[in-house]
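What follows is a short report on a single structure.
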Amino acid sequence: MTRVKKILNDPADIVSEVLDGIVRLAEDDLVRVAGARVLHRRRIPEGKVGLVVGGGAGHEPMYSAFVGEGLADASVSGAVFAAPPPDQILLATEAAHRGRGVLYVYGNYAGDNMNFDVAAELAAERGIETRTVRVADDIATADPAERRGIAGAFYQVKVAGFACATRDGLEDAARLVERCRDNLRSLGVAVRPGSLPETGELTFELGENEIEIGMGVHGERGVERRELMPADELVEEMVRRLLADLPFSRGDEIAVLIDNLGATTWAELMIVNRRMRQLLDEAGIRVRRTDVGAWMTSQEMAGFSLTFLRLDEELAAALDHPVRAPGFAQGGG
Amino acid sequence: MADRLDAGDVRERLLAVCRALQAARDELSAADREIGDGDHGVTMARGFAAAEEALRAAGPGLPGAQFRAVGMALMSHCGGAAGIVFGTLFLSMAREIRGDAIEAGDLCRGLRAALEAVARRGGAKPGDKTMLDALAPAAEAACGEPRKDIRRLLAEIAAAAGRGAEATREMLPRTGKAKTLGERALGHPDPGALSLTRIFEAFAGVDAGPRKQGASAAGATTGDREAPR
Amino acid sequence: MTRVKKILNDPADIVSEVLDGIVRLAEDDLVRVAGARVLHRRRIPEGKVGLVVGGGAGHEPMYSAFVGEGLADASVSGAVFAAPPPDQILLATEAAHRGRGVLYVYGNYAGDNMNFDVAAELAAERGIETRTVRVADDIATADPAERRGIAGAFYQVKVAGFACATRDGLEDAARLVERCRDNLRSLGVAVRPGSLPETGELTFELGENEIEIGMGVHGERGVERRELMPADELVEEMVRRLLADLPFSRGDEIAVLIDNLGATTWAELMIVNRRMRQLLDEAGIRVRRTDVGAWMTSQEMAGFSLTFLRLDEELAAALDHPVRAPGFAQGGG
Amino acid sequence: MADRLDAGDVRERLLAVCRALQAARDELSAADREIGDGDHGVTMARGFAAAEEALRAAGPGLPGAQFRAVGMALMSHCGGAAGIVFGTLFLSMAREIRGDAIEAGDLCRGLRAALEAVARRGGAKPGDKTMLDALAPAAEAACGEPRKDIRRLLAEIAAAAGRGAEATREMLPRTGKAKTLGERALGHPDPGALSLTRIFEAFAGVDAGPRKQGASAAGATTGDREAPR
């Protein structure tokens, strides 16, 4: 197998060097806990509900670079594609705690769930109350309880940042984030594989003419392997599945995220946007904002995901709330 | 016929486990590539490298403390699902191994406690295509006929785990990164169940070595090994 | 040769569909000239100096998506990697003109130069005064007059947007943009090739272990083909060349752009940022802002470029000026 | 011995040029991949498809008008450097072709005007490894001995262009997308010079067809062809 060429030093240092690089993007705001894979804001207001986000590395800028004003107070990173261990999560929790408890937002994967749950128990032993709202937006599985968290994290972290910055209590903040989670649906498609940076090996294989609908952001298989089809047809299939799932209905107002899994061109995403908007027009669904970017990536996997978030006034206000974090760009870039 | 493993023996066996799981890296990652995200071998190798370091740093000690050291190292260094699952396994056993040597009863109580703790932590049940499907038969083997030669018992535990791992091929995944796969996961064993088999094999002194995935269960024979001291 | 799989409809429609997709990102602000490859702002203040940017397609979001408040008034796109023809440029010029003349900002390539020059003559015949400030930041050639325009366009368009929005006259606006151009230096490196979307063919070939320093954004060869090296070493080489070129010196304050050519992971760019900042610290150069993103892309080429812009007070203010355009994200995403 | 090309003849020859440049797409793109950005064939094919359409839409007309139609189509539809360069070529010639037929003197004045106009527009000189290096010898050939058979003259112009294109192999690029290449461009001909050769060949009625790049100059022989009417 050909190693995928990358711009790296010692593969063992990837996560650590990436965290250092992120800190240097926002030195006035960000601090790394020495020796740990934890970043946190330099100044967190006393009495604020804390927000900790995190998960396996390899999806950059998610989650490590989503720390900043209006977003997370601390992030914790695992190794590539591996949930962070409980002691690291605990460090992030302690860094974020300002007396009002800490909200955990992360993707719904067995590994993350177990590690954050253990961390929550350790935090409780230290007198820090925690609440958890997992991202579970990927409609590739039928059973909502088993859904993975993919690019919808972009909105859920955004809403959580707003909630924790503006609400007085942990419970109250968590409730708004739950509403976001419950109205959030995503579906991805992979066109070419990414690779594990430590080994350079591809995370999966696709035939010369194959795509996979529902592919997970770690290269986990999706709902269906299909022949490469025209962009418009693919978008029709994805939008159909998404609309049917919540379901979204005529008159709904939504935010749309078009997330680049890594190596897909921005131009392709515009071709996707064009057809998607025609379909949403036909379905009578209003798009309040569109975010286009590579936020929840899977190394250099080519493909994208569509995320629809059904809005109410409060969720819309949460998305419009200004933030400042190295990985979170406002607008369409 | 030895009916206990003294502290030195336990230490050598745990070190052998650490080496075996580092050596199994590619086998385990390949298995995880089929139905998961392809990192299980890297995760286990990372954790057991840390465990080996912890054991060496701590020096000789009571068997329970050694199990605890391994469990803590896995908890802190594996990450992923495996860190909690296998960390919990070793920590649960540590709590049941109280004396200056390990006896059959310790193994029985330890593995039962581990089975319960892992199931509670992860919410999975036997049959869901996880390492529990190797752990459950292993615990059963450990609690079977009493007063057996402990080295033979270890080999039987390993063999039971291996059969359990082999049986996961025919199971549909209900948890973890394989869950969307459904029927496409059929025919592939669960990576964590394979890992657990390798752990028991190395602890039993069965020379497992890297092998074809299909051979994992059959390979777990009952061959005894003289403990190094 | 294996065709690179992409999410497209009829390859002949790529540019047109991309433009439609961009408009749907910002319908309140953007209009497409029917049948043309020209986008323009819906509301351009009377008496404002006009700004037209453009060039070949295939580098999205540059240039087509850089239209909006505080940025360009109109953009014109050619076919993939081909400068737009004069009549299209003229349409953009007329759309942007509000009585004070129009500034052209685009990359210094023979094709673009000739097409914009012809357009300028046609505009003059229609009574529209124009001025041109070409982006020429790529230090891969020794002779500054022959330098190509690459990712530095991000800053030059930003400065031009500020200048045209705040200056009274075309000359005055052009002078500030020239100062930006004169203080702008970039260097790229390619690790894996991109492809021509119409044919799916790779734009160049690199050996399994090769990289090319100075590779152009159309896949034109660079200064040197080298063996893949550790990230830190590569960054040292690039920073050394960049600093020596202007030259930048101790005490200078700069803005830094880390541009993703397409398929490089954000994580790799952070590893680059880490080492780059260590080197700039050593050289006594202050970084006022860092922009990380995939702005000037070359399809799914893997690699990145570094751009240094030496700042004075006015240039710094220009970069901080808020803008709103579908392809221009503030902050680090 | 014909000393002029009437309007119908010119039309057929220009249509042949349009077809030839569309057929040369892959040859020209391959040449541009070596020292440019690989799109020259696509660009020329796009432009000459539009030119063909324009000629057909306009129907029969004076030779100068036909050259103008081609030039305008190239200007508007090629894009890239080629659009201006080849658009300027045809438009400059159109201005010099005033009567109802083309004579040798028109070709001489037209190509000289084109040479001057393209050089002024793009700032390049002969020797810079551009299409000027084919255009300059072509213009010289057109202005050589007067009162020659015009079809033989066309073939000589094509041959001169081909020799010029071949000579670009040994030149260092000083403009366009090849300019950073320096010595690495040696051995490769300039794509635009190849295009110009194909244009003259098709206009002369020399059957060029797709061929190996290296054969381009040698292939441009002086073989006459009966004009279609």
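Letters A, B, C and D mark the chains as written, and numbering starts fresh at 1 in each.
The working rule: a contact is a pair of C-beta atoms (placed from the backbone, for glycine too) under 8 Å apart; a residue touches a chain by one contact, two chains touch by 3 or more.
Because the structure is predicted, anything quoted here is derived from the model rather than measured.
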item	value
Neighbouring chains common to chain A and chain D, by label	C
For chain B paired with chain C, centre-to-centre distance based on mean C-alpha positions, whole Å	55
Computed distance of Cα centres, chain D from chain C, in Å	33
Inter-centroid spacing, chain D versus chain B (mean Cα positions, whole Å)	76
Chain contact graph, described as a line, ring, star, complete graph or other shape	line
Pairwise chain contacts under the document criterion	A-B, A-C, C-D
Complex contact set, residues of chain B against chain A	29, 33, 35-39, 42-43, 46, 75-85, 121-122, 124, 174-181, 184
Of all residues in chain A, those that touch chain B in their complex	56, 78-88, 109-111, 113-115, 117-118, 140-141, 146, 148, 196, 198-199, 201, 203-204, 214, 216, 218-223
Chain A residues within the chain C interface of the complex	2-3, 5-10, 14, 17-22, 24-26, 57-58, 60-61, 65, 189, 191-192, 197, 208-209, 211, 228, 230-232, 234, 262-274, 277, 290, 292-295, 297, 299-300, 302, 304, 324-333
